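The next part holds the structures, each set out as structure tokens.
In the two complexes below, chain A is the common chain; its partner is chain B in one and chain C in the other.
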Partner chain A sequence: MTRFIALFARSQLAFFGLIVLSFILLLAIFTPFLPLNDPNVIDTSNRFKLPFSEGAILGTDHLGRDLLSRLLWGTRLSIAVGLCAAIIAAFIGSAIGITAGYYGGHADNFIMRGVDMLMAFPYILLALAIVAALGPGLMNALIAVAIVNIPFFARNIRGVTIGIVHREFVDAARLSGMSNTKIIITEILPNVFPVIVIAMSTTVGWMILETAGLSFLGLGSQPPQADLGSMLGEARAAIITSPHTSVVPGIMILIIVMAINLVGDGVRDVLDPRLKSGALSTPRSTTEVSKNKSNTGLKNQILLSINALKTEFRIGDRILKAVDDVSLTVDKGQCLGIIGESGSGKSVTALSVMRLVSSPPGVITNGSIDFNGGDLLELSSEDLRAFRGKKISYVFQDPLSTLHPLYTVGQQLSEAIQSNSYVGKSEKNKKALELLKAVRISNPEKRLNSYPHELSGGMRQRIGIAMALANDPDIIIADEPTTALDVTVQAQILKLFQDLRREKGLALVFITHDFGVISQICDKVAVMYAGKVVEIGPTAKILDSPAHPYTARLKSCVPELGQGKRNLLAIPGFPPMIDNMPSGCAFASRCQKVKQNCYLTAVDFTNIGQERGVRCLFPEEIKAG
Partner chain B sequence: MVSSLEFDKLSKKFPARKGALSLSKFEVTAVNTVSLKIKPGETFGLVGESGCGKSTLAKMLVGLLKPTSGRIIIDGEIFDKSDPKIFGKKIQYVFQDPISSLNPRKTIRQIIEAPLKNLHGMKRPNRDTRIKELFDAVNLRLDFLDRYPHEFSGGQAQRIGIARALAAEPKILVLDEPVSALDVSIQAQVLNLLEELKEKFGLTYFFISHDLSVVEAVSDRVAVMYFGSIVEVGTAKEIFSKPKHPYTKLLADSAPVIGKPLTLNEKSGYELPDILNPPIGCAFSERCVFAKELCSKETPIFHESKNGSAVSCHYPIN
Partner chain C sequence: MIGYILKRLVSAIPVLIGISIIVFIIMALIPGDPATAILGSFATPENVEKLNRDLGLDKPMIQRYFIWLGNMLQGDFGRSFSLNKDVLDEILERFGATLILAGVSFVLCSVLGVVAGALSASRQFAITDKLITLSVLIGISIPSFFLGMMMILFFSVQLRWFPVSGMWPIYGTRDIAALLSHLFLPAVALSVVATGVIARLSRSAMLEVLRQDFIRTARAKGLSETRVIWRHALKAAMVSVIPVLGVQAGFVLSGAVYIEMVFQWPGVGRMLVEAILKRDILLVQGGVVFVAACYVMFNIIVDIIQSLLDPRIKI
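Right, the complex of A and B next:
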């Protein structure tokens, strides 16, 4: 709740609206206790008194009634009617929407076609018809406004319900023996409630206007009872001679509706999950770098070398160290595997190379990324953009979310080719075709005109790889490129990567959580845990005799195919929380070989020969060879 | 011996249309006449790639989907009404995504209590003792009960999901990819916990996964599913080391194993057949390196051998 208020207060306009609205609501609630004149006492001798005259601060109307008193009583009535109508419409509309969405099929069809019919009438005509049938009166106007607004709620809520009905927890509730009614009330309703509140807060103002409209036409409140609409209606005749009688209720309507709409927008912004995740804050095109100039004087011949990289996420006053002092190198034609569990920092390391970590909240605070002798962290955003996709390109886990659904494969490939150099149209097509052949897509001419949704997962990943190849990069960074794929397709994609490396002399950084995959395509491997590299070395040597206890345990808790039923060796406990890292070794609390020293100070990375390094005080003995 | 769970020629077809405006309706077969017998106390594994129909099969087993034809028999009793409330006391489900299977707006206590209240009509004091037993069994602390699902890690949430399934006191658990959303170090914890629980409560497991090595490590027998049909059944020990069906062999060869070089053992360029346009004959024939003329003409029959293994192939590998 406090979080709700804090988020709400962030928007100044909404906050302003809330203050105005609360003031009006307070006035409306306390109207009966205020020292006001009777709103219905007629005094024709004092008609059309101007505002600020004696005994009537806002003047009097055509029958000499006190305008201030009528305004406050009218406001009270209008808000009450608008709110009631909104609650009734929300209640009935939501009930209809949830029922239709939950049961689906024929029930849904039947109910929603009825709602569509209701919607097909112009709303004011429908309201007039309803009032005509029921007879004029405030109660009937309320009913008419409520009915007219039911379809809006029904359609909105139905849409949301359909999204929730197919969630797994609803299936789970069915299996817990709950009846449909119980599922609707205890499982669905709490999850659609925020949407109902949003819909209500954005329509209350509208309903107050509609009721005022009906009263204005003389179909709502009946004389002498005052509401804002009837006040306007009665003042209409004197709009030229005594404009204040129209202006006073008019301004009140304006203020109420404006305030309610501002608050409604504020409520929506707070409850909308997309806004909570910060989607509205536009990240920069490159990750912010805030570090001292690196002084790595020696320029080596290595293709890509990441040195002492630190990437943090700064959220409020919390600092999450996602990547902490990571150093890696990849040479021409080499394949480096990075293995680790979720939250180990392997993806953030990869994204930091081309400064693709979204910023804010990401900041690179230390290190250098040397590519062909130059530090990528010191390039300007424009220079870096020219680099992206050209020398270093990426392949991501989910090809469906990285391909644009509305463009054909051919168009997207052409765009990737075009992005870095000017190429003619026919040449682009030729190149796109070549790329599709390079990633072994059967029937490439036909596939150029396919849309992403027409392709299987494996085929889409091939397109993703083709796009990465578009500008003949030196390195491809592949972040779990086969995790979403089936095992037979995974084998095909791994084979493709292996062939491309051989044919084009590509270097590859391959991120995965699977030792089997690492062993099949990587020359060397870095094991990451809690933002740090804990072990690095040639793949065969590390898999044969791991030096870090974590590597050893991780390897043994993955079952290997071909050994039948057996018990697995699990690692007890959980990885440390990234915002609460222990001061010593991050793995200490889960390690079987832990000693007192492990908890005390941070452990340094040490070289243990045979191109291997480990971050452990008491590493396993490694086999020679 | 009465089998714990048996399904007899179970099929599920979904209505479909060729296009949004097309009037011609036809049916898509998701599960095609599947028959299996699962023994009491057994862990029966089911592997298959995405889209092969394994989740549809699982949903039918617990009454969440109504079979188009065929029978489900649990403990010798025919269950022909697909009502999860009737199924729920005998057979329960553990979902793949532990977080999304818990209602974000309910406390853990409310979630665990639901089956106790609705299936067993248990009163408050009895419920509390039962919840304590369950939480002890899955190694969770009791102070978790008043928290909300988003406060838990994947591994903890999956334990809660398992506790909820056990609360119904079922004899059988359908485990639909119970560890694929978890990190490897947590996977083994949950798999070992499942093994413990099986001993403790005398359960039978129907374990579904796309991960061959996980299925092999936990199962007694394994069935391989392809395009809606079971193509091979065998013991966990032998099915991947001595596969009879070429598809099983392809799966076993494709699984990345440390120290095994990458091999491709299929005709390149093919993936799952088009469900709107099912092939004639053996569904795997297009991808099969052993396929002969007969394969693309006639659908092979499911041959059972004496030792309980079975294969559906015209030319099984010896």
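Right, the complex of A and C next:
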């Protein structure tokens, strides 16, 4: 409960709403005890007195009645009626919803059909029909508004109940021989209660509006009794001559409903974090960069150079160092593999190159990414766009979620083709077909009109690759492009990458957690662990004799064909949490060769000759040659 | 496609029957003897008996329902005693006005709501977002009838930009310009609440979509932010916005009641309120069934649009 209040108070608007609402509620409760004029005393000699006149702070209405007094009594009535309607609707609606959800089957079917029928009516129309049958009157308006809102509760509560009914604790209660009624009251109700509260807090404002509306039409409260709606209705005739008689009750309704809506939003955000997801921040188009200007030139054959890159995620007060001091280079036409476990920072490194790391929360805090003679991290979003997809392309892991579900393959391809300059329609089509052929898709004419969900996983990945090829990039960054695919398709995609590299002279950064994949296509490999590169070198040499204990363990996780009996060793333990890095070597706690020194100070990256480097105090002996 | 439309039309039949049953049951709620309730203090035994016969109240419930349903299917909605006129004729005469008002409001609230929501989401936490969020909050909290009255006061009485009420000028030509000037204020007043609801939903749907992987793909392709937001994100967000548009159409159609009262708009809503106050049950019954049936049909159109937008829906 204290947590609830703390969370609630954090939302300033909701808190403000609560204060306003409490004030109005207090006024409404204490209205009978306040020194007010009688709201129903008619004094026709004092009609339409303006606000701030003597004896009537808010003026008087068309019968000379005191507006302040009528306003407070009307507020009291409106809130009471709205609340009653909400409670009745919530009670009956929840009862129906729980019954339907708990018993299921025919009962559920029958009840929900009825609810659907009620929902097929335009909302207010149904209330009108009910009032028409019962006759005008405040009580009848209350009943009508309550009935109209029952389906909303029934449907929501049923949904939640169905989710609970098959959970273990309900099964346990049933097995222990509890009666259905008892299970509903002791097991189901407490669990659906928050949902009922949310539904009530978001609808009570509506119900106050609706009852006021019916009263406004003359179908609710009858004279001399007046709620806010009927005050407005009576004042309508004098709207032009004495607008204050309308403004006073109108503003009151607005304030009440707005305060309730603010509080309702606050309650919903606190009780239902799922709905709150909308309040989370969405990523901008480019990752934020906050670092000093760097000064580095490129040697001739180097195409892309990542220098001392640091990328962090800033979530509240916590800083997660996803990429910490990573330096890598890719030569023209070279294939660099980046390998590591999930969470090792390999994807974030790759996404940092084109600044596609979600930001917020991602921030690049250090380093430079040198490409084409400049630092990509110093470009504006608009300038960066000239590189994205044109010089540097991406192929992502899961092509079902990374392709737009509602556009055809052809549309998505031509969009990529056209992204830097206008291309004619027939030209675009020709190019799209070429691309599909280049990635070896059979029947390409037909595929252009397919939607992503109509294709197989391998085919979708080929589309992803075709899209990356659209503008003849210098380098493709492939982020686990084969992970979601089965083994035979994986082999085909790898072969495709190989062929494309040969045909187009592409450089490739290939991210994977699979040494098998690395050994097939990469010239060079970087091993990442806990946001750092722990070993780097030519693929064959690293596979032959790994220098870092982690590389050795990772390699021995991969089964090899024709190796006969060999123990596949999983690496014991887990990588450290990136918000709580040890001061020494991050792998120390899982390392078999660990020594006292490993825990003490950060380990530097050291060259061990022949383009090889390792971040370890006690590297393995490497074979010469 | 045609198969899908037919299927949806057929599936509307049970809903329409359900609606007629509900209206019939509600009308059976009339306390005491309906004829006496309708005739009130003017009831003489002869009148009561005659009305009972006219309403078919001397027969059992089930039989009464089928007679009523059969008559309606033949276009016989009964006769309004307060207007001394055929109910269906009166409804058809009035429905055009409601359709113009609600239709224009619906287009307004859909377009404004979606654009405001998308804009708000694409500038999350920026000043635009905060302004839109605040306007939306006021929009969904203000009673439309109060807003309508204030608009009359300000735009018609103070500024004299628009006529105070009605659908046509009392004297003068009935041309499109005259209609538009009469239509503007009521259409805006009617659309405000729905605009707020749609904007809220569009905003959260957009925020949800903007976090999806395919948006990152679009950015990785080097597309402009305008294209990413208004083509890629908005199209995907519409999948969850369109069903809400269907629901809001119902709010607009029935919320027209208040606006028609405030602006003296000669539509079905005002007819219903007047009929209720005069206890003209047959007119109310007919009006409610008619409008509800139109709304069911409208929702079928919404479903069809949805299936055109989203290829994943099996048609």
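The rule we apply is simple: the second predicted complex is superposed on the first by the 371 of 625 C-alpha atoms of A that agree within 3 Å, B and C clash if a C-alpha of one lies under 4 Å from a C-alpha of the other, contacts with A are read in each partner's own complex, and residues count from 1 in each chain.
Basically, contacts are C-beta pairs under 8 Å (C-beta built on N, C-alpha and C of every residue); 3 or more make two chains touch, one makes a residue touch a chain.
Here the structure is a predicted model, which means the values were calculated and not measured.
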Task: Answer with first, second, both or neither: which of chain B and chain C does A:G135 touch in the superposed model?
output: second
- request: State whether A:G374 touches chain B only (first), chain C only (second), both chains, or neither.
  value: neither
- request: Return first, second, both or neither, reflecting whether A:L175 touches chain B, chain C, both chains, or no partner chain.
  value: first
- prompt: Given the touch rule stated above, what does A:L262 touch, chain B (first), chain C (second), both, or neither?
  reply: second
- prompt: In the superposed model, does chain B or chain C contact more residues of chain A?
  reply: C
Query: Touch check for A:P283: first (chain B), second (chain C), both, or neither?
result: second
Message: According to the stated criteria, A:F387 is in contact with first (chain B), second (chain C), both, or neither; which is it?
response: second
Task: Check the residue A:G213 against both partner chains and state whether it touches chain B (first), chain C (second), both, or neither.
output: second
- line: Footprint intersection on chain A (chain B / chain C) at none
- request: Write out the stretch or stretches of chain A touching chain C in their complex.
  value: 113-114, 116-118, 120-126, 128-136, 205, 209, 212-213, 216-219, 229, 232, 236, 239-240, 243, 246-247, 250, 253-254, 257-258, 261-262, 277-278, 280-283, 285-286, 354, 356, 358, 381, 385-390, 393-394, 396, 398, 401-407, 415-416, 419-420, 451, 453-454, 464, 467, 470-471
Query: chain A touches which residues of chain C in the complex?
result: 15, 18-19, 21-23, 26-31, 37, 121, 124-125, 137-138, 140-143, 145-146, 149-150, 152-153, 157, 164, 203-204, 207-208, 210-214, 216-225, 227-228, 232, 235-236, 239, 249-251, 253-255, 257-258, 261-262, 272-273, 275-277, 279, 281, 284-285, 288, 291-292, 295-296, 299, 309-312
- request: Over in the complex, which chain B residues touch chain A? Could you list them?
  value: 43, 49-50, 59, 62-64, 84-85, 87-89, 92-93, 95-97, 100-106, 110-111, 114-115, 118-119, 153, 155, 161, 164-165, 167-168, 183-189, 191-192, 195, 210-214, 216-220, 235-237, 240-241, 250-264, 266, 268-269, 271-272
Query: Hey, which residues of chain A end up touching chain B in the complex?
result: 167-169, 171-179, 182, 186-187, 190-191, 341-342, 440-442, 456-459, 486-492, 494-495, 498, 513-517, 519-521, 543, 553-555, 557-572, 574-575
